[in-house]
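Before I ask anything, here is the structure I am working with.
Just so it is clear, A, B, C, D, E and F label the chains in written order, and each chain counts residues from 1 on its own.
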């Protein structure tokens, strides 16, 4: 969940970045008494995410701003929809506008893209999950946006789950050591609550890895045929994750191989901001 | 310029975000004595940006890592090019990998896109500039990436230049007030070093705005014909900026109207990470 | 503008500096239930600045303190005038007293001094501006105080405007390079919103510098006669700033040479705190 | 003592304040390879303070700058004396110049003023001490400067010593309570290491206050005759501090009344920066 | 006094430590609308401390939580007593529970232990004080807890009082220097408000140390007989502190030797959390 | 792993807490040139933990201090053993002493206690793990100390694993809902890497909870007989954790029931600092 604990410091830093010593335009052109009413309008259709963040950008700029967000994160909207309304001192609303939009446009962009992936796998057992390819400093926000789009999250960070990749396996088996034994020994050292996921590149690695009692096996860059074969071999003894060459064209077929999890870096590593705008009316009377 | 003053705190925060209490995988699977050598490889062609940031992600993870970056920010490279090399403790290199890539992929993505825009206006007087539609927390990095791609920067923030838009002009002229006088009065209140830019929507606004002695006039969403007309009217009395409906197809024609500055939100509001990878070899001997 | 964004962290740090682990005097000598009413009284005449800062020092110490500031920043007052009133828990009022006074005394001292300079140039076109000779950590506060006194601000920092001084010009023209061309090339690299000011020491530098299309020319340590000559040469093609040997005796004559801007380091580099006091009455009933 | 623990964060913040996103002048006008050598020169005589702070402003801007400070804090110097030398990248030296000077000029200004007060009381038992009327955020620096000038420090903050003033005494004796008993009870609650100082306005308060076994008695705004009388009554049973109406004309006579401590708010509440300059030579070869 | 200034940042950091990106249990198992009512119950008897800290852990987690603390810090309670009640969103109450308990259990543990020591010296002139053997980061909290238990505090830190131990004395008297003169010279350099305490190991050191006019003499690891002898020699000329081998069995006898202060490291260096629990009832209707 | 990323900020804060404006004793009694050599000596036997933290307290106080730690964390030592040696400026060593000891004494105290528990279960399959009953702000340090003593860690925080307790189960099954279905639905919402642990109070809850495919089942406050029965029912389908009434007398019998994990709050909620001391020799020659 995205809570104030996460939202406030990031939004506050963004506001300071955008106005380190005030908004010289508003301060010099807009009377302190002017009032603005504004509407957040969708200039294209999509899935909403970031309502609380949008509101925080406004209210952290001025406690005198009030914001009503009309959609819950995760709701779909059509072009032209009014997503939120804002009222408050015109100087503050104008100052907050760009930062508020920067957040909600990116988050809604991620949610909208995620929803497209989720729709492609709708009739399968597969879940769409994000990766660690997030924007530095915004992981909480982007993971939330993925959930808004109907996706799930992978591990949050390097600290909370083990993901053993080819390099790690090469080290574990250096000197001809047995991979099963090596992984069992790793498990001994881990907290019993730490998830153990292992990535394999070949079908013949699966049995020896499963024998160590791991939690998830990732089949990396497997063809559809090999994915199907892998799922059959695992046979429910671990969660199966597919990774690599996932895009909107391929994801449906990948899901239909029977895998449990499909991780998609593109959800966050290449974000298109959704086209949302703020229609503002000023009252200086 | 992107200096350590800006790089270090942001990269440090990103590393903490990605490993709040260490990398449980490396710590439990890789011997402390293992050494990694790695190469940053281009999986597609592009323009490089973020060499210092990539290096910082490595060396902030461990002072024992040494990094050599082979390209200067702004250099072009082909697919397959080796952009940098890294040597150091394997645990640390593996821990830093994703964060280092997240930065350099995004920055090089921005530089590469900017260079495409710059190429389109190469034979004109126009400069390509960014906007405030940057990723919250990464403005310094993204502005640097724009410069790496041959672009220029617009104002850094709300604090360092005035940009009077339609809403501001409406307030200034409320009650039938003369816009020229109103802008002259604004100028009186500003520091003499503060740039004064005014956005207009119509040709007939130009003269009265120029009469106030402003620095830049922005012609917002003007057709090509109107842009040409506007440039002729201004006649060198102010810098002319074009904005709105700018993309790789339109930017060349816009530039050929004779404007001085073209601002492009897409440079930073919708970033595709460039495909760069880290090829790692471990030595546990 | 001085907003809460700037005021609160600085005042909070000052309060912590002055009471890192509480006020042992108030805590041990004053009952928790005692109430104080206090008045901020002028013990000499002056120009007020820092009302919000004074109030913040009180309310950050205790939310139960209420403050009414009777003057707007920039207003003049006579000796004996009551500038503000304070009511709240006696412990907190006594704890906040010194910090609140330290701020408002310094800021009003700067405003009062600035007003003296401004009065001397009242009948001229010249504006009085501050410099970067401010107290480390308090630049926002001191620039605000200068404005309270009727002055204007120079560039905020090294980041937001170029000021080319003798050392810079020497570098630009090393090897006999043409100064006009060198400055034009600099301008190319700058954001179009960045102000370009150049300092000259001699009359004969003016033309070649102006030819580059700079924004402001600073005539450094020019005699009155030379200032007059310089103003005539510039003839409105750039803003003219005078600097050096400016004090209350000389500033009027300097202004009457026709310069646009006079920068005065003394506004902030040597501050006399204005004599303001807090008259406190305690009620322990 | 002023250690790196105190110096570094304050100087770092000051550098950021003065160049939040770099020095656009140096970056655009000075080649990265240019080297500067500079000398800190006294343009008037004084007492030195802030050598480490001056050096930190340089080296925090660039580790490639080397600084040699020729004087120890507290040493006197004549006009024209060379106080320190600096060598390093020209961009960095120029960027650091103003902040480095802002610190050392203020600190040396305080030290020089303090030394004047100390000289006036040279042949007496009195020590000159500072007050809490320091610049917010710079207390450590200003207390150090006072010591550089031969003065001593009063309590650091509200947390480390009790100072009971008229308001406190009024509360303690409300309802006709005996002041001696009240103070004894206060002492019971204090840490045995907390200094207990009491301010009195009248001679007849002295005995009852001393009877409580306090550490220091402050005679506030006493005439010279009354001070002498007070010193005689106290007769060594407590430290005697004089306060109020202290200036360079009066301080000698006050000291000769036999008091132990004279607190002088003017040491820090009204600082004149000493005239120190940086003579820079650039080498771009 | 323990104020919000100290409580809030420490509690906020503790909450972040315990839930860096939320409470996955509450978020996924408890409806957002569920309400919790809870009672803080004593599972053993003791002395209460940390009521404000307990409340802050709750309200910082959610402003919608309301807390009523029934006891004042320092009050005794029996097993089974209800110490506080809490009402608010169930998710937030469950998230805050452990941190809130961690604080109040430790602080009440310290208060309860301190009260045992204080009871042992009830009929003597001695006060029980803490030491600098506190938990890193929690000194303010633990000193407060000691006061809750009826103890007093020693110096807060290395900054606010001098404590000269054997090593320091050895340095002061190196080369046969007279200890009295050396200490007098030290006193000259100190602020007059800085307490000067000297630790001695032998009876024969007492006179020469006292002759310097120190404030407190600490008799370190003296036998009961020697303590009695020491107290007689000092004869009220300084505060006498006993230290070393203090436990609940010995403290009464030590106090009865007539010393003024007994410092007890065990109050904070070895803390047993008191057994307090939170009985929670959820209402999801 | 405890890395510099975690150690440095906490130790730095502790040093500031203990010397906010320097060590007045060292600064005034010890010459700047004096050198100290010191040895960390065990005054009782134990298991070492915190070597890096001890060293950091020294070197963060002064870079001129060098520290050699003779033991690896986790090593046992006898009374009288020399654990580390320190050399450096005497002022700095004396200033750092208490903070360095506070850390290493507590951490070694935890490691030593943990080792006692681990020894009791040596011949069983059970691992000893910590809980979230850690000292606020020191969780990383205390978890490390537990590992030094041969224990394992439970989940790090509320963010990285689900622990469903009685309250949560009550909510899940409100309205007569089936617990198995409810838990399966929870699992759907969780990241696939999030560990799902469920606490039960009664034997008859086990089957329905296991049916949901949970990772760990905690048997809370079960008698030995019931634990044995529970282990038999689970039969390897989940990890079995025992909790409640665990102490050094009971832990062996609990382990012999066949449980996999025993969580022990006492490892960290009630810490006795181990008796380690610093023997210092000063050289002022």
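Here is the rule we use: contacts are C-beta pairs under 8 Å (C-beta built on N, C-alpha and C of every residue); 3 or more make two chains touch, one makes a residue touch a chain.
Remember, it's a predicted structure, so these values are computed and weren't measured experimentally.
Listed here as common contacts of subunit B and subunit C: A, D. Chains that count as touching both subunit D and subunit F, per the definition above, are B, E.
Across A-F and A-E, it is A-F that has more C-beta pairs touching.
Same interface as B-C, judged by over half of the contact pairs sharing residue numbers, among the pairs A-F, D-F or B-D: A-F.
Per-chain CA centroids place subunit B at a distance of 45 Å from subunit F. In terms of their C-alpha centroids, the spacing between subunit D and subunit E amounts to 33 Å. Distance between chain centres (mean CA atoms), subunit C to subunit D: 23 Å. Under the contact definition stated at the top, the residues of subunit C that touch 2 or more other chains are 19-22, 156, 159-161, 189, 194. Chain contacts here follow an irregular pattern that is not a line, a ring, a star or a complete set. Interchain contacts (touch definition given at top) occur between A-B, A-C, A-E, A-F, B-C, B-D, B-F, C-D, C-E, D-E, D-F, E-F. Listing the residues of subunit E that touch subunit C in their complex gives 1, 3, 5-6, 140, 156.
Residues 15-16, 19, 21-22, 27 of subunit A are the ones that touch subunit C when the two sit in their complex. Across the interface of their complex, subunit D is touched by residues 10-11, 13-14, 17-26, 28-31, 34, 90, 94-95, 98-99, 101-103, 105-106, 109, 132-139, 157-164, 167-168, 170-172, 174, 186, 189-190, 194, 269-273, 280, 282, 284 of subunit C.
For subunit D in complex with subunit E, the residues that touch the partner chain are 127, 129, 152-156, 159-161, 189, 191-195, 197, 215-216, 239, 241, 260-261.
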